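Alright, structures below, take your time with them.
Look for chain A in each of the two complexes below; its partner is chain B in the first and chain C in the second.
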Partner chain A sequence: MTGSAWRDPLEQMDAAVLDRSLREALDRALGLARRKRDDAMEELPDPAAARRRAAEIRRYAVDNLGALLRRLEDALEAGGVRVHWARDAAEAVSAVCRVAEAAGVRTAALSKSMVAEELGLEKALTGAGIEVVQTDLGERILQLSQDRPSHITAPCLHLRAEDVGRIFERTLGTPFSDDPERLSRAAAADLRPRFLSADLGITGVNVAVADSGTLVIVENEGNVRMVTTLPRILVSVTGIEKVVPDRAAALDLLQLLGRSATGQRWPGYITWMPPAWPREGPRPERHVVLVDNGRSRVHASGRYRSLLWCIRCGACMNACPVYGRVGGHAYGTVIPGPVGAALSPLLAPGPGTARLPQASSLCGECANICPVMIPLHSHLVHLRGDPAALGGHGGPGPRERLSFRLWRWFMGGRRRYGLSLWLHRMAERLAPRLVGRVAARLGWGGLRLRPRPAEVPFRARWRVLSNRPPGNGGPP
Partner chain B sequence: MSDARRDILAALGTRTEAVGDPPHTPAPGPRRSPHELSRLLARRMQEHGVGVHLTQDHDASFQLLADQLFAAGVRSVVVAEEPLLEAIGLAERLARALSAVTVRRPGELHGDAAWEAMDAGITGATAFWAETGTMVLDATSRRALLTSLLPPWHLVLGEGERIHPDASDWERSLPPGEGHLPLVTLQGPSRTADIEKRLVLGVHGPRRVSAFIAVGKLLDFQDPTSDDPRGG
Partner chain C sequence: MEVSLFIPCLVDRFLPSVGEAAAALLRAGGHRVSYDPRQTCCGQPAFNAGSIREARALALRFLDLFGDAEAVVAPSGSCVAMVRHRYGELPLPDRDLGRWAALAPRVEELGQFLERTGTSPRGLSWKGRLGLHHSCHFLRELDGAEAALRRILSRVRDLDVVELPSASACCGFGGTFSAKLPGVSVSMGSDKLDEAEAAGVDGLVLADAGCLLQLRGIQAARGRDRPRILHYAELLVEGGLRP
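Our next item is the complex of A and B:
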């Protein structure tokens, strides 16, 4: 996913957790996110029913993905939109570059798109000699500082206002400020002429409505509206899983998207772009790139298919205790957090992603908060023991395998279980430091306090208790 | 057929038609009276930073709108060519009422500089959703899109008959074949919270949004928002 030499995400997380400025930025940004989301959800007449309906819609769409994509393609092409299919990132990038080259594009305005990020589209277009400008404020800050997004809806969440002030001072020449309002205005003033002069607009897609070919794009700033209205060529890049059957289904999903992502009742702006967009006035030349890049493999996996239900709201990141301490960069993937830890190893199997399913406390909060009810914690557990799904990478190491073999043997009978308790008591009594070192080497004991074994084991106490009459300190 | 298309569709299975029906949106919740709906809409829109005015009729809307443009010292305004605004004769009436204000139609604005010079843009709204405080704009015309996007102040005119409880109710009210409508829904001013999640209004789109909704035909009405300091 990152395209660079892999680094163990768990080691990166160990480093990230010690980064004080990152912790400060995460605390500032995530502090109220959960409460805002909960308040917005509670305004719905029946939040649980809304989530169940959204899950049913996504299940239906993903289970019927091939048929709905055919329908979407027919609707788009009937309206004069050119559809490009891409098996992988290289094909998708090549399609966009071909469009740009054929039209003599010199400048491109890119609205925030996780798929474009996944494809490395900005870099590829820049390499083709096109001046590309990111138009979302957060993405623009990252472009100016040559940084990467750390959250899917708040890409520069890892930066403090003072960090942004220094970036603008260095790259835009604006006086230093740590006031978000002044910083936002400075970025908007810098971007305005670039919007107006861009030849090519590139958007992502939040929802693609199959029956009408309408592409639905969600935002708050107005940059998507600019990108879809001003340039003479418009390319929309989307993962194949974003399709839904009809507008009613899209509305049901969007009702939850804003609430889950930012605690908004409804996203600030939504652009509903049918093939004839706009009907009156000069119309841009339009292209849609449908990107697979591993998604059909997840679809075929059966067990993990529900990961394709994701609507990219980022709520699981806001709720995750691991993400809240290490931020998004440590994952090393475009999509971080719980859904990234489960989806990225399947989309891009390799040593760099195989250990991501370990990056979870398995508290289950991600599944509790997910608007489309993806059982994320369950997927993370299954992936830990499923090296085949991870392309042969990952899976338990020799120490973990040995540990679980021993555990299975000791748990296989009453006497063996009793023996394990006795051995544990003896080891803690005679060589507690050695036990500590072994626990640390096994991975879980390094940062945890070990519970001391009871002087009298529960089994022994129970034998005594069970012989007393009820009501006299005996069992009920 | 491209190789990529064939391979992707083959990997997704052989079915060419969807199986079963899409999950349906449930039946609507308890009905609210037009009075309750318009009040809920106004409250929601105010919470989103919109200066909202529920008026007796379009004449009252026009008067309030003209007063606000005058009070704000607006020097130039662009009025979209939309059926509702044409029926009211908004552009002509504004030009007569505000002699110091240059009133333009989008077709008269050529080039970026002309658009950048506009202090305010006026469009109609085709619908409102009360529960979410949402305005629905017709995006049929590129000129109307620019009118609602480029000037720093967006003023919206609407009618009380077009207030729906929510998006699903609006969807069910549309005649068949309206699935291809180009639309923009908006909640209020352009906004971002990308820096430390602190809210900033007016990034790329309008910083100020005002709405004037004529609801007098529906009810015996007094504007509950007229004394609101955020109005306008």
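Our next item is the complex of A and C:
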């Protein structure tokens, strides 16, 4: 949510659903992701128990956040890693910029990080005169095309191979190709020299192990290995919620993270970065930035606290029928999909995010697939009626409030209810066009016709039914 | 058993034959069925839209009307899920929580009730190929409801159940969702219908009034009438249910 005029995300979504090439890209990627995830989860001896254990780990960690973070800080500092606490994005960005400035950094290599996206880190560093290169293939494509991620694990999910081919043709000058193999080789050739010359490496964090100060980062391309070992300065940025007590807990989560995100038993590369890193060779100067940026508010809310359990696997996006039709950009937030629709308005309250909880049919597939069992659709429905949690934004608008007050009156008694049935029938009989116009404004017209009230509602039919003798459809 | 019929507002207003079918199934199973005409709505539309106060008022009304019932049975998964699971989250006033906790387990989805009491219909026959649409709350919030329905359908002769790949994908109704994101909502329902049409099924069967209105509405706009979209209770009555 930048300073530019916000656009209603719901309108964005209803527009995005018409984009055929987007839908094609989404269908291709998400159908596969879902099948692979299901297969990988079914392989586990007891998938339900694994999810329960992961949920328990996250519940414990988030409930004991303060103590675990202190332990993490102690372990990191004891190992010579500088810890910076950042209350908001501005503090986090300035911590990283100060480190870069003090060390005279001219170039930075960034590995994929949703927190870096959340902070706008790339832009801030570039603004400070530092040349930043994204080293994750997907993020690099977006950097070259000045685009934004549309998914948290597959940032350019909205692009097809031919789209990427055109971007590379335009920006890297490589001959057009839509062969993923050839495209990734072209990107690697362009990236390699930049890696070798970067002064500053920046990573995100998937799991922070409190007792040893080990930061765990997962990936599939090998770029994290390079970002964490080649530059002379290494900064890791993480949301404060990523901490777990110990290595065993981290392993339990990682095993579900890979399966839920990409259907892999384990992510391709898992980098366990203890404070003394790398184990051999020259060691970079290390910093960790612990970012709050609204998280402690979610923590304090109590009711929505389990949103902090999220391990950013993206499975809820892959499963969501809304996300699967509109993609990530329409949400207008860093994290899209069900978890983004619930978390973003809490982390960044405002008119632009307040309506996001409406972007769900409440089908519950997100909660059903979540590896840490966050009751996502329950959060979404509660947020709709909880403007206080959204900083005063959101909640039903005046017209909707009035409608539901009226509705409650009609539903509040037998006669009033009967009157509503009668009025509805009369309106359809006497002024069907008017009813049609009202219904069409509510989306029930054109591509979907409104239902008509039955001439004889059930309650009237019951009077007939219940008077029928037994054995004839009547009561025995 | 003494069964209190709970006919959701959408069924009463738009789909009375689903209510009649539910009553007929219960009677055929030997239950004594009553219907309290004071009932209106469980409050789900308001709850889903974030109008919590209005939802709570109707939840309390529901508890007043049904609190003493031996069994409350409804032909709609989402309304049952609302009463069983969501009332406790509204939250209700403390003094009503006990009443709700006592009532909630006695509120059951029709097919689940029939299976649990061993009173599902036997000897029915419905000739044709049938696709299933697993209504969301029926599938995900009522443990065992889908299995119960499958058992009931498996006893219907001549019925050929075709497994549709996205049987458990949402139809896109979602109450006020259908009005707030009409484009996305219709797209979800359209995909559902496309899949059923492509599979060449004669009927698409489901377990919730909302899905029925959504899919019939889109089908009507297309000017088509195949496959027939049916609540499973309607299908069972068509299958030759005898009281």
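We adopt the following convention: the second predicted complex is superposed on the first by the 458 of 476 C-alpha atoms of A that agree within 3 Å, B and C clash if a C-alpha of one lies under 4 Å from a C-alpha of the other, contacts with A are read in each partner's own complex, and residues count from 1 in each chain.
Rule of thumb we're sticking to: contacts are C-beta pairs under 8 Å (C-beta built on N, C-alpha and C of every residue); 3 or more make two chains touch, one makes a residue touch a chain.
In this text the structure is predicted, and so the values were computed from the model without any measurement.
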item	value
Three-chain arrangement built on chain A, chain B and chain C clash or fit	fit
Contacts of A:100 with chain B and chain C, given as first, second, both or neither	neither
First (chain B), second (chain C), both or neither touched by A:207	neither
Partner chain(s) touched by A:411 [first = chain B, second = chain C, both, neither]	second
Touching partner for A:60 - first (chain B), second (chain C), both, neither	first
If touched residues of chain A are counted for chain B and for chain C, the larger one	B
Contacts of A:45 with chain B and chain C, given as first, second, both or neither	first
Touched partner set for A:465, first chain B, second chain C, both or neither	second
Minimum distance between Cα atoms of chain B and chain C in the superposition (Å)	21
Those residues of chain A which chain B touches in one complex and chain C touches in the other	none
Chain C residues within the chain A interface of the complex	7, 9, 11-16, 19-20, 23-24, 27, 30, 32-33, 35, 37-38, 40-41, 45-52, 54, 57-58, 61, 89, 136-137, 140-141, 168-170, 172-190, 213-214, 216-218, 220-221, 243
Touching residues on chain A, where the partner in the complex is chain C	10, 13-15, 17-18, 321-322, 325-326, 357-365, 367-368, 378, 381-386, 395-396, 400-401, 404-405, 407-408, 411-414, 417, 421, 424, 442-444, 446-454, 456-459, 461-462, 465-466, 471-476
Chain B-facing residues of chain A, complex	25, 28-29, 32-33, 45, 49, 53, 56-57, 60, 63-71, 79, 85-87, 91, 135-138, 141, 154-157, 159-161, 164, 180-181, 183-185, 187-188, 191-193, 195-196, 209, 211-214, 220-223, 225-226, 229, 240, 244-249, 251-252, 254-255, 262, 264-283, 290, 292, 296-297, 299-300
Parts of chain B lying in touch with chain A, wherever the complex brings them together	2, 4-5, 7-9, 11-20, 22-26, 29, 44, 112, 129, 131-134, 139-143, 145-146, 149, 167-168, 171, 179-188, 190-198, 200, 202-206
